[in-house]
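Pasting the structures in now, so scroll down.
You will see two complexes here that share chain A, one where it goes with chain B and one where it goes with chain C.
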Partner chain A sequence: MAKYLIQRLIYMIITLFIIITATFFLMKIMPGSPFNNLGGKITEEQQALLEEKYGLDDPVPVQYFKYLTGIVRGDFGVSFQYENRPVTDMLLERIGPSAELGAQALIIGAVLGIILGMIAAIKHNTWIDYTSNIVAVIGISIPSFVFAGLLQYYLAVKWRLFPVSFWESPIHTVLPTIALMIFPMAICARFMRTEMLEVLGSDYIELARAKGVSNGSIMFKHALRNALIPVITVLGPMTVSLMTGTLVIEQIFAVPGIGEQFVSSINTNDYPVIMGTTILFAVLFVVVILIVDLLYGLIDPRIRITGGGKD
Partner chain B sequence: MDKAKNEYTKEKFQRVHVREELGEELTRPQLSYWKDAWLRLAKNKGAIGGLVVILFIVAIALTGPLMNDYSMDDANYDAAYMPPKVKGLSWLGLDGMQTYEVQGTTVEDAIQRGLDGYEIEEKYVQNTEVIEEPNEGNDNYYKVAMEVDIYGAKGLDDTYYWFGTDSMGRDLWTRIWKGTQISLYIGVLAAMIDMVIGVLYGGISGYYGGRTDNIMQRIIEVLSGIPNLVIVILMIMLLSPGLLAITIALTITGWIGMARIVRGQVLKLKNQEFVLAARTLGANDKRVLMKHLIPNVLSVIIINTMFTIPSAIFFESFLSFIGLGLQPPDASLGTLIDTAFDDYRVYPYMLLFPALIISLLMIGFNILADGLRDALDPKMRR
Partner chain C sequence: MENILDVNNLHVTFDTYGGKVQAVRGVNFSLKKGETLAIVGESGSGKSVTTKALMGLIKKPAGKIPEGEILFDGKDLAKLNEKQMQKIRGKDISMIFQDPMTSLNPTMKIGKQIMEGLILHQKKSKQEAKARALELLDLVGIPNPEKRLNQYPHQFSGGMRQRVVIAIALACNPKVLIADEPTTALDVTIQAQIIELMKDIQSKMDTSIIFITHDLGVVANVADRVAVMYAGKIVEIGTVDDVFYNPKHPYTWGLLGSMPTVDSTEEKLLAIPGTPPDLISPPKGDAFAARNEYALAIDFEEEPPMFKVSDTHYAATWLLHENAPEIEPPPAVKKRMAGIAGEEGSQS
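This part shows the complex of A and B:
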């Protein structure tokens, strides 16, 4: 276990190092300078001064080294667009709404999905099962931004049940949360249904039935617990979907989160912010995958954790 | 009863011609694996429905832009924001009527403001409806919805824009189906990448094993640790947004899942007897891999490819939506939805059609993929 953990951590560090390096050098060869947007308003001299101020006139290896050592200390540099704002501060300030939105969507989506999947499995091959299957397919298929647009148009603009956008009170979070949770919900429902069906067909459930255990007790004490374990594995794809989801959902509903910031920083060539957000996303992703793998091994002893990993 | 029994005497029964060679024949015609899978798929109504939807969309995407005389980027500012109008389909709401919401201190004032604001003569107003009485919340204004025959008002009575036009007066029917072509291209591309790079990488890694496998797996390990989104965004910024950038980005990341699955399957198969037999007969590595191993993994490859297609289509539209995909005047479903967001409150049809088509396409591919999985690999049935 310890050996496996160390091995995984080493891979994590290598992966992150490659991401940071690739991000940095791609930014360097990218066309356009952060001061392009000023469009002829500054002279060459002023531009040179600005570049000196932000350390852009150093040789690239020096810049790279500075950046790497900065990251280790939690310093992602200074934004080019917002005078002297450290990227770390900007990200910290924006992480609140994103985390709130993401957590709400993840928790509500997962719980609803698990309930839906469980009911579908219990009522296997009835109209309830078919309906929940259709809901799951639609949830997986329809792109989140399409769904968000429909929600916004009907529930906010037409019927005025919810505010159209912004992030001010709990009621403002309703529509973005629904739009973001539909995918995790669909995945969970699908997965849960499969697992539940498999568990319900197993011998120990037969035995429990033969012993005369009540139906409710079988469902909740025996079946649900065992069916829940593999659902952990969908946490990985769910996190990815939440990450990509926040980019568009935050834009559509004007949520002041990381995703919205990322999209706007791409449009303004604000390299330090882009790099900072990219690295943040990468760290989040890698850590979640690691946690999923570890949790899975801990909860289900049948899964042998070896160097081979998930293959 | 007795009488009936008596009628069947022994003489009445004779053996028909005996054919020894048919003794071993099976009663049912033998089904190949693929025929069997096809029969199972054909029984799955959902999957067939998905297939029909996909074929239908492909057919219109290819022929649709040729059906009318408008081209992809012909701007016509006199015909901007025309709502959809189709001959004979007015009962479906495709009647070329545009509803505007206008405000005024009285109902008449509201309508007059609307007429002035949108430069419409009064005779083209078909219908008005007060949707909000004055109250505190709206500064004591009347809010009136007025339905206008905008085609008549602009003197375009005999013109038909089937899906309407956008802010520059470009025909949305043509643009939407051209955009659908982009989505389909992305789907085909992703499938090719999966089938070629993914299968070869996984196959080689699993077949040769040992050191080769180790190195190839470590590369995958590192690559898969990087979120797809990050790679794609970096590539796109490097290459400037466009179809080429998306294509290359997909090539870098798209094959990893497939490579893993194929490797697992090959590892399982390569020690089985039929491989040993082939090798004993002198088959070289290439032959064993291409003729023996890959065909046995084919069903898994097909299933996985089918799931890749919708996710690639989604990814392209997602990138286009956040402005990292195709750039104007090119259009994909994602960019069309993105531009529709600017004014969908007044012109909801701009959002409706591309949203509907991409949703149908995604649902079609997902249902078909599910059906194929059930048909090709009954063990994986969910």
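This part shows the complex of A and C:
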């Protein structure tokens, strides 16, 4: 197990290195400089001075090397736009709302989706099943920002049930969470229904019935765990799509999260913030994939990393 | 000896898009304490469905038991609801499935799978159930039971898994054990071991066994009595000797004739011509008539009743009617019968 983890850790570092490199050079290809969109408030000489100060006049490979050595020392640079604030501070300040929103949407969405899928499978070929199928197809095919707009218009503006935007109290989190959780819910429901039907038709479920196990126990003790295996597989990519989903949703609901800051940093060529956010997302991504792989082993003994084979 | 199970006029139907399939059409048999009854017949003859009906495992709402009774322990199992059946399944009647590779839950330790029934039916504590599970693993011949208890099915070979399935079925000392082709999915050497194990267990536990198979060699080896099923009905029933040495139904002749023996000298195996009838609209008269070269005119008109051959032996064919012409089984079948006698002699 320890050997496996170390191996995975090395792969993670390689992945991160590739992501950092690619993002850095892509970012440099983007037109403009952090200081040329200040609307002519500074002269060209001032701009050259600023660029020299931040090392932007060096050749790109040199900048890249400097940035990498900085990261290794834990220095992610300072923002060009916000009064020289360290990027680390800015991210730490902003990560709270994003993490809260993402986690709420993922957990509630996945749990609801799994329940919906199970019910659909148990009542398959009834109106309950058809309804849940339609809900799932809608949830998969319509992007989250459309739901966001609809939710804001009906629930907030028209019926005044929830605040339209901002992130101040738990009630403020309701609408963005709903908008963001529809996709994972729909995906989980679809997968769960298919898997559950397959599992319920399997021989080992029949054997459990033949043992006299009640229907409830069959569902939760025998079927659920087996049906969850493929659902766990989609949880990884789903978490990633949630991360990108938050970028848009945070903009729409004015959530002071990382996504909002990320978008504005791209617009203003705030290189250190772009890099810092990308690295943060990348780290989250590889960690989530590792967690999913470990969860997989926890649920399915056949692919457990340790433990002997056939004997 | 007393009957432990009486099945009277059992019918099972399934609603499908094509129509109502009459999978079992009036089956009668009884099972005595401690005996092994083999049910043989080709695929789709209703063997498995009959036993699923005994277990209450007919899938509703498509599957129904419109008629008939299954008398067990003073109760009619056909009338019990799901909750009542749950108390009987696995406790009084249990089942061994066909394919051990798929019939164990892949994500549950085998110890837990064995203990589940014990905790459920006998209200045993975890400790007691574990002790019994160890005993069972030992009984079915699995070495290292302590270690094996904590392993998952994928860590077992096919033959070992079938032993686990048998241990699960035996956990609560069932009165009736149904084995649905328990050796079909195993390779031949393992088949022999599992058959020996089942015989051994029966002699130790005095369980009644219903053994479904289409391997007539196995029947001769394990069974006391044989029921031959065709198109949802029992067409011939009797002791192994009755059915193998004095078969009366032309379908039984066909089955015996199509069985390969060690010293077959013929180039070809005999096959029963044609295919089984469509059970959505079963033919009038004897369902086997269309494939039967000895069919009489009445076979196409009226269903034959069960004729008594001896106290233990019954067959449903008009050939046994007093007005029917005297017909001997074909010579090839007679030869096979002699062949089986030889094989059986060498086995015991």
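Here is the rule we use: the second predicted complex is superposed on the first by the 287 of 311 C-alpha atoms of A that agree within 3 Å, B and C clash if a C-alpha of one lies under 4 Å from a C-alpha of the other, contacts with A are read in each partner's own complex, and residues count from 1 in each chain.
The working rule: a contact is a pair of C-beta atoms (placed from the backbone, for glycine too) under 8 Å apart; a residue touches a chain by one contact, two chains touch by 3 or more.
What you are looking at is a predicted structure, and each value in this text was computed from that prediction instead of being measured.
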Quiz prompt | Which of chain B and chain C A:N226 touches, first, second, both or neither | solution = second
Exercise. Using the superposition on chain A described above, determine whether A:G149 touches chain B (first), chain C (second), both, or neither.
Key: first
Exercise. Tell me which partner A:I299 touches in the superposition: chain B (first), chain C (second), both or neither.
Key: second
Practice problem: Report for A:L68: first if it touches chain B alone, second if chain C alone, otherwise both or neither. | Solution: neither
Quiz item: Is A:L5 touching the first partner chain B, the second partner chain C, both, or neither of them?
Solution: neither
Quiz item: After lining up the shared chain so the two structures overlap, which partner does A:V157 touch, if you call chain B first and chain C second: first, second, both or neither?
Solution: first
Exercise. Kindly classify A:I107 by the partners it touches after superposition: chain B alone (first), chain C alone (second), both, or neither?
Key: neither
Quiz item: More chain A residues touched by chain B or by chain C?
Solution: B
Practice problem: Look at A:L49 in the shared chain and tell me whether it touches chain B only, chain C only, both, or neither; answer first, second, both or neither. | Solution: neither
Practice problem: Tell me which partner A:L207 touches in the superposition: chain B (first), chain C (second), both or neither. | Solution: second
Practice problem: Could you give the residue numbers on chain A that contact chain B in one complex and chain C in the other? | Solution: 309, 311
Quiz item: In their complex, what parts of chain A are in touch with chain C?
Solution: 202-204, 206-215, 221-222, 225-226, 229, 299-302, 308-311
Quiz item: Which bits of chain C are touching chain A when the two form their complex?
Solution: 55, 57, 82-83, 85-91, 94-95, 97-99, 102-108, 116-117, 120-121, 152, 154-157, 165, 168-169
Quiz item: Inside the complex, what are the residues of chain B that reach chain A?
Solution: 217, 221-222, 225-230, 233-234, 237-238, 240, 260, 263-264, 267, 310, 314, 317-318, 321-324, 337, 340-341, 344-345, 348, 351, 355, 358-359, 362-363, 365-367, 370, 382
Self-check item: Residues of chain A that touch chain B when the two form their complex
Solution: 11-12, 14-16, 18-19, 22-23, 26-27, 29-31, 137-138, 140-143, 145-146, 149-150, 153, 157, 190, 193-194, 197, 240, 243-244, 247-248, 251-252, 263, 266-267, 274, 278, 281-282, 285-286, 289, 309, 311
